[in-house]
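Below is one structure. I have some questions about it.
To keep things simple, chains are lettered A, B, C and D as they appear, and every chain counts its residues starting from 1.
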Amino acid sequence: MNTSIEGGSEVAGAAEYRIPVLSSPTRTLAPFGRRLTQLKLRREYGPYRVITVDDPDGPRPDPGQFYMLTAAERWGGGEDERPFLPRAFSVLRAHDDGTLDFLLEDVGPGTNRLCELEPGDGLHLLGPLGQGFTPPRENRRPILVGGGVGIAPLAIWADRIGAAALTLLGFRDAVHAEGAALIPGARIATDDGSQGYRGLVTDLLNAELGCDPRAEIYACGPGPMLEAVATIANELGIPAQLAMESGMACGYGACFGCVVETRDGYVRLCVDGPVIEAAAL
Amino acid sequence: MNTSIEGGSEVAGAAEYRIPVLSSPTRTLAPFGRRLTQLKLRREYGPYRVITVDDPDGPRPDPGQFYMLTAAERWGGGEDERPFLPRAFSVLRAHDDGTLDFLLEDVGPGTNRLCELEPGDGLHLLGPLGQGFTPPRENRRPILVGGGVGIAPLAIWADRIGAAALTLLGFRDAVHAEGAALIPGARIATDDGSQGYRGLVTDLLNAELGCDPRAEIYACGPGPMLEAVATIANELGIPAQLAMESGMACGYGACFGCVVETRDGYVRLCVDGPVIEAAAL
Amino acid sequence: MIEFCGIRLDHRIVNASGTFDAIAARRAFGDALFDDFPFAAFVSKTVTLAPRQGNPPPRLWELPGGMINSIGLPNKGLAGYLREDLPRLGELPVPLIVNVMGSRREDVVRLVAAFSERDEVSALELNVSCPNVKTGLIMGADPRELAALLDVVVPHAGKPLIVKMTPNCASPADVAAAAEQHGADAVSLINTLRGMAMDPHRPGEPWLGGGTGGVSGPAVRAIALSQIREVRERVDLPVVGMGGVQTGGHAHDLRELGADLVAVGTESFRDPLAGRRIADELAALEHAFPANAAPQVEAVPQWH
Amino acid sequence: MIEFCGIRLDHRIVNASGTFDAIAARRAFGDALFDDFPFAAFVSKTVTLAPRQGNPPPRLWELPGGMINSIGLPNKGLAGYLREDLPRLGELPVPLIVNVMGSRREDVVRLVAAFSERDEVSALELNVSCPNVKTGLIMGADPRELAALLDVVVPHAGKPLIVKMTPNCASPADVAAAAEQHGADAVSLINTLRGMAMDPHRPGEPWLGGGTGGVSGPAVRAIALSQIREVRERVDLPVVGMGGVQTGGHAHDLRELGADLVAVGTESFRDPLAGRRIADELAALEHAFPANAAPQVEAVPQWH
């Protein structure tokens, strides 16, 4: 139990297959130390904002990895005199010109400040961090399931695994569903039916798995959605890789603040995740 | 000694004449509570900035009184995550349209933030506070002596007492001397001689008093300048009203933080000043 | 109308001692101060037996979300206070709570006895953040020391006695328990945390004239929350909670933890009417979410 | 090259215990971590005799200029640590200081004895912020309690023993004096201040899974300055100063107050290379204004 706290390969334990996030050979390392960079571009997608950030010296991130971002100026002085700590964001896309895209939803002082940034403004960036997605196990077709701002890591993953991927996205309403434009060809569900299927994205998932359960699920979104996906996957014995969230102070394993409970105890999401196998929960 | 701490009329004590700042009947009261208002205009005078602020509901301040100012947004998050407390500023001028002018010099996070404000931006204002200047005693001609940003209270005072007033202003150099434009007809001294008399403004004062010592001095400026003025005044037995500065948290007598030492002990500059008789020091 | 130690109050917000001077405020704002007095009761700055001029300036240092003060308790002393200030404070539209402190137990007895006789005074607050000149211990930092002080003081207290605790101690709950067992009528916390700042212009020298000072404001709120909760869980005494309160939400948090009254200190420096605003915001919140009589929180591990 | 407790160090900046995990950092940054290791010595997170999983999440709360953590000292326990972590930490390019804690004096003795035998370990740091299960007192908050602990532990310490003091006490100077008289080789301070936050979504409930937590970061710097100064004025032991250090200027302030080493904690969360930057800034400042061996500041009144 306790051994899992340091993370590392012990965690797999009773799981049907080893947890790749913990054993995977492919983890792109972050340069040591945060880098001062610049915002190049920003675009709106309904309530969401995509910022494009220069990162000429950084490596190409793995899909599912994340970065810690800090505005170079006025990081502090927002609501409750915050933010103070950096904030974690999944990489949305990495471009050949050495720029990175991030998808932001303004939910508090940190995201609010980052959403304010204009082209030319400075920000600090640490990453890529954590353990990303791993390819589907043999003869399983990938199904990508996203909710709200949680679609971010699915975009770069869809780019990587290509046409094969079926993508199902859930949003509150049509306005939020504008975010779906980031993943062409995705099927959409909205809570209020104002666009696409009326209901939960997990309904679409169930339907898909009904036709053919030989799939591997890649999911990112709000807690309740991920729990629903995990339940479905575990009941059918289908592997599901969940890109999870938790409050983070450091992003590189220093503070032990970001733990999530797994069947093997608490693991630090920033180093043993953010992608966690549903079977491990 | 201790009684002076509450301020009030006891302080005069051994002084040649009662200290009018402490007994004066004319103190314009501040409305209770800070007011949310707007910046209307800002202008540059060399390194100084003049901001014009709306104050329709406030009374007309006495020359020498001051206000506590706070930016309505982002008060905090500057250098060292400051400012946090409001900042004190002498009123530079009060206009018939209910606006107030303040003269700012950017010396730290508070003044820096206020200098950033643009027309339409909100700020909180408390005042007018403290005890201002009192008219010259009979057959004494007023001489106004200012240094740097300390010219602010002299401008409104010059307006009030009119042509009679001789104004002597000292600045570091010609660039800073652009501030002198705020008090037409003033005589100027600069440390480097790049404009007007080369030397200290107190040299000009000495020369003036040499011709005719029947004067009353009104001074505001850096500590060393005020000390020099006080020494001159006390040696010649000439009354001098000094508009002083000290670090303030509240501006209305609540914190006891702004004390200056007088011959009668510590007095709170925000309620017993900011104008203090040189003879009381 | 609510009741605290038998005193009827209009609402639950009072000022923190030493952060509002009603006499000076009347000079600045005139009678408007009385028309809209921000606090349900007025708590005086600490009064000592002998007059004190206070510490040399500078007395203030600004922090991220707070400040350090080294005011040094300037006051006219008992005689001067009784003669000059008390009559003026008697004119206030709200009950008066006088805060006193002494470094000898006899001094505290004299202060408490003297103010107990005055009708202007509704209650006494005992500031125990000073060292006992005999034992050298901070009177409020050690349960035995406080117990010994209260045993001699309480018999002379003709008014409700509130012990103003110091946060600079190992266990606020132990100190509060001693206060309860030895006759205090209520406790108030937190006082300022000992802190200091260096002079930006003189390397190695402290900025404050007093060398060290007391930290207050939002920067101490997290610490206030845990001390108030710890105390509330131990004692049944009424509690006056304070420390960095800036909004009705902050005040409501303290109410949820079991504070009976909430004091506003540093925030008044940013706006003299802050107390009124906070009282209104709190009233709205208490209407929306009534505060629990007892705190809902369970005991917690002491390790971090 | 400087010397601390007989250990030779490249500079004066170390990490604060529990704020940098060299093993996890190597997973994130690879060997680049070793090429440019930010600290002159590596201080481990607290190790206890038995394994600990730590507190339930949430474990973090952000403050104005700081944070509260209720991590709960997760660690593999002595056996697991000796087996798995110590060998890997032995590969670090800098000396290793192992931080230990126990709630029974015998536990502390076993921890200290076990690590004293290992060559990978250059010094021990003793975290005394936990209660003694027998006396109920926080081991580091009471001078007598600490003295009793050290009397049984010091004989087993085969390496320099640094006492990591708790700031949640009445008199840090008294505690440091006890540490000095009872055989400690150095003291380090400050640890986190006890604090808590309320859940914004559940009125009346604490946010942190552990209920309360420890406050760190710039928000505690003013308190750290005064405690470090108070301790430095009382004892001659080497002092490791920490608490909200973000810049070389902050580190230099502590040096001016007499700290021998400066530890960087929370700031590393904002940038893993912060320690290196601060070391460089400090070196530049020490060149410009050499720090005084003894602090220049005089004794000060304890009243605010």
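Note that contacts are C-beta pairs under 8 Å (C-beta built on N, C-alpha and C of every residue); 3 or more make two chains touch, one makes a residue touch a chain.
Given the structure is predicted, the values throughout are model-derived calculations rather than measurements.
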Of the pairs A-D and B-D, which shows more C-beta pairs in contact?
A-D
Could you find the chain whose CA centre sits the greatest distance from that of chain D?
B
For the pair chain A and chain B, the C-alpha centroid-to-centroid distance in angstrom is 57
If you average the Cα atoms of chain A and of chain D to get two centres, how far apart are those centres in Å?
34
When centres are defined as mean Cα positions, the distance from chain B to chain D in whole Å is 48
I'd like to verify one number: the distance from the centre of chain C to the centre of chain D, where each centre is the average of its C-alpha atoms, in whole angstrom.
32
Could you tell me which residues belong to chain C and also touch two or more other chains?
63-66, 69, 71, 218
Going through chain A residue by residue, note those that touch at least 2 other chains and give them in order.
76, 81
Touch graph of the chains shown: is it line, ring, star, complete or other?
complete
Parts of chain D lying in touch with chain C, wherever the complex brings them together
55, 61, 63-66, 68-73, 129-131, 137-138, 141-142, 168-171, 192-198, 203-206, 210-215, 218-219, 222-223, 225-227, 229, 252-253, 256-257, 289, 291-292, 295-304
For chain B, which residues are in contact with chain A within the complex?
74-78, 81
List the residues on chain C that touch chain A in their complex, please.
64-65, 218
Taking the complex as given, what residues does chain A use to touch chain C?
76, 81
For chain C, which residues count as touching chain B in their complex?
18-21, 23-25, 27-30, 32-33, 35-36, 45, 51-54, 56-60, 62-67, 69, 71, 74-77, 80, 84-85, 217, 266, 268-273, 276
